[in-house]
Amino acid sequence: MNRISLEAARVIVRETLNHAEKAKMKPLSVAVVDAGGHLIAFERSDGAPAGRFDLARGKAYGSVMLGIGGTAQRDRAEAQAYFIAAANVAYGGKLVPVPGGFIVRNAEGDVVGGVGVSGDTSENDLAAGEAGIKAAGLVPEG
Amino acid sequence: MNRISLEAARVIVRETLNHAEKAKMKPLSVAVVDAGGHLIAFERSDGAPAGRFDLARGKAYGSVMLGIGGTAQRDRAEAQAYFIAAANVAYGGKLVPVPGGFIVRNAEGDVVGGVGVSGDTSENDLAAGEAGIKAAGLVPEG
Amino acid sequence: MNRISLEAARVIVRETLNHAEKAKMKPLSVAVVDAGGHLIAFERSDGAPAGRFDLARGKAYGSVMLGIGGTAQRDRAEAQAYFIAAANVAYGGKLVPVPGGFIVRNAEGDVVGGVGVSGDTSENDLAAGEAGIKAAGLVPEG
Amino acid sequence: MNRISLEAARVIVRETLNHAEKAKMKPLSVAVVDAGGHLIAFERSDGAPAGRFDLARGKAYGSVMLGIGGTAQRDRAEAQAYFIAAANVAYGGKLVPVPGGFIVRNAEGDVVGGVGVSGDTSENDLAAGEAGIKAAGLVPEG
């Protein structure tokens, strides 16, 4: 697989939401994008705020565009805030540099897309997304 | 119901795609938004072009924001292109004024959200979306 | 090949420019993007106006995002100008709907990227780009 | 030469990439702009993330527009982040204020264009770009 199929994207979304529900997290939203950052699938849980799409997609989009996951983006932002701010403007405002953003690789290590999870703490978003991506047989880099 | 639930949104997406598959349409993309135009769910079929999200979401968003479905938007654009162009700028570019965009009402006639379908001819997009919305027990206004 | 390699992109750019030079066309500019619309390679010939990048990239980007080449975009714009105008805004202004924009497919028919050529008449841009894409062993859809 | 020719731009791009390959750097992307900041040439190496064009072009564009290279921009950002943020907005988001951005001068000291390199550490981007610009007989100011 060199692109996340819709079927795989559905597994990622559902298993991320299932993980959150079992762990009694707040209502999550999950975006899955292809390796070019274009949306394949998205779901927003009932009870989540109206603005979750932009945050979840931003986590996924920025990860794919920069080639690093949300944790590494946060570390770069802590060290050099003006660089991440500039990258965000360069990418049209679609970068949300905190954990919960993932590059997704296949078994061969190729980037096949990205995932963004938003709704609870960044650490919980990270844990839920990892569970979802692994359930689809893919490798998360968060 | 005064807002499309995630469960209802899933039915809309799946039954729209099922209708398209049975009718041997091109690969469709489907966006479901709430009554404020904010995304609840989206799926892009395998094989659809990268840019389908912006078109499907634009059909849904513009329908909800203007309060008329895609067919009425097209008629207005044919009669008065500058009005639709101005509305598009006012809405931040998120208006795609052709059939395949729907206002969605509940049984009481309240607007509960919008749907946008993109990928085949506008007429086929319209037919597929109507099937999906009705399958969720809601009323399409395309 | 499921993505245009840099080596293939170089062949496309050079052979497009060679074709133009032999045919005594005006100085051309050529953009090659991947299937997500992201730039792989670009060259602007000496003597071309400063603004050619946005036109060449726009032809390539719009082709990939809409899933149709520049000729079909022009026909749609002639028939339904407001739709193409709306799509252009939805894509952030990066759509130039005239011949000289191409979807590029591999031998199996998969979309592997896009090409945009700008600088002479749309018809000459089209002819030069076709020559360049074929020289790389790929299939132009202009 | 008061403008980087396409031939010189090709030398810059190729020798920057050659330097990176010999030094076993990550896959780089290189943008060359004229003295007005308009793109002359760009190449993205196979394996680089999708978003590299915006970063490489931003480094080149910001250098030419501000009249200082990436190292001086970084120092200014460290000292006065709000100034660089304001400049970035003024320049439409096309400023990436870290090493790897260059003003390019000819032997007489005139600014003839700019170069942006992105993909490895800022320091490695800087070293690769210097090698490329010097190989074209021009003077880098990074």
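So that you can tell them apart, the chains are marked A, B, C and D in the order they are listed, and the count of residues begins at 1 in each.
The criterion applied here is as follows: a contact is a pair of C-beta atoms (placed from the backbone, for glycine too) under 8 Å apart; a residue touches a chain by one contact, two chains touch by 3 or more.
Here's who's who by UniProt: A, B, C, D = Heme-binding protein.
Being a predicted model, the structure only gives us computed values, none of them experimental.
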Higher-contact pair (C-beta pairs counted), A-C versus A-D: A-D
What chain lies farthest away from subunit B once each centre is taken as the mean of the Cα atoms? D
Chain centre separation in whole Å, for subunit D relative to subunit A (CA means): 30
Quick one: report the Å distance separating subunit A from subunit B, using the average Cα coordinate of each chain. 25
Return the distance between the CA-based centres of subunit A and subunit C, expressed in whole Å. 31
Each of the following residues of subunit C touches two or more other chains, namely 34-38, 92
Chain-level touch network, classified as line, ring, star, complete or other: other
Here the pairs of chains that touch are A-B, A-C, A-D, B-C, C-D
What residues on subunit B touch subunit C, complex-wise? 48-51, 54-55, 58, 77-78, 81, 84-85, 88-89, 93-98
Subunit D partner contacts - residues on subunit C that touch it in the complex: 5-6, 9-10, 34, 36, 38-46, 50-51, 53
Would you mind writing out the residues of subunit C in touch with subunit B in their complex? 35-37, 64-67, 80-83, 85-87, 89-92, 111
Flag every residue of subunit A that touches subunit C in the complex, lowest number first. 2, 34-38, 92
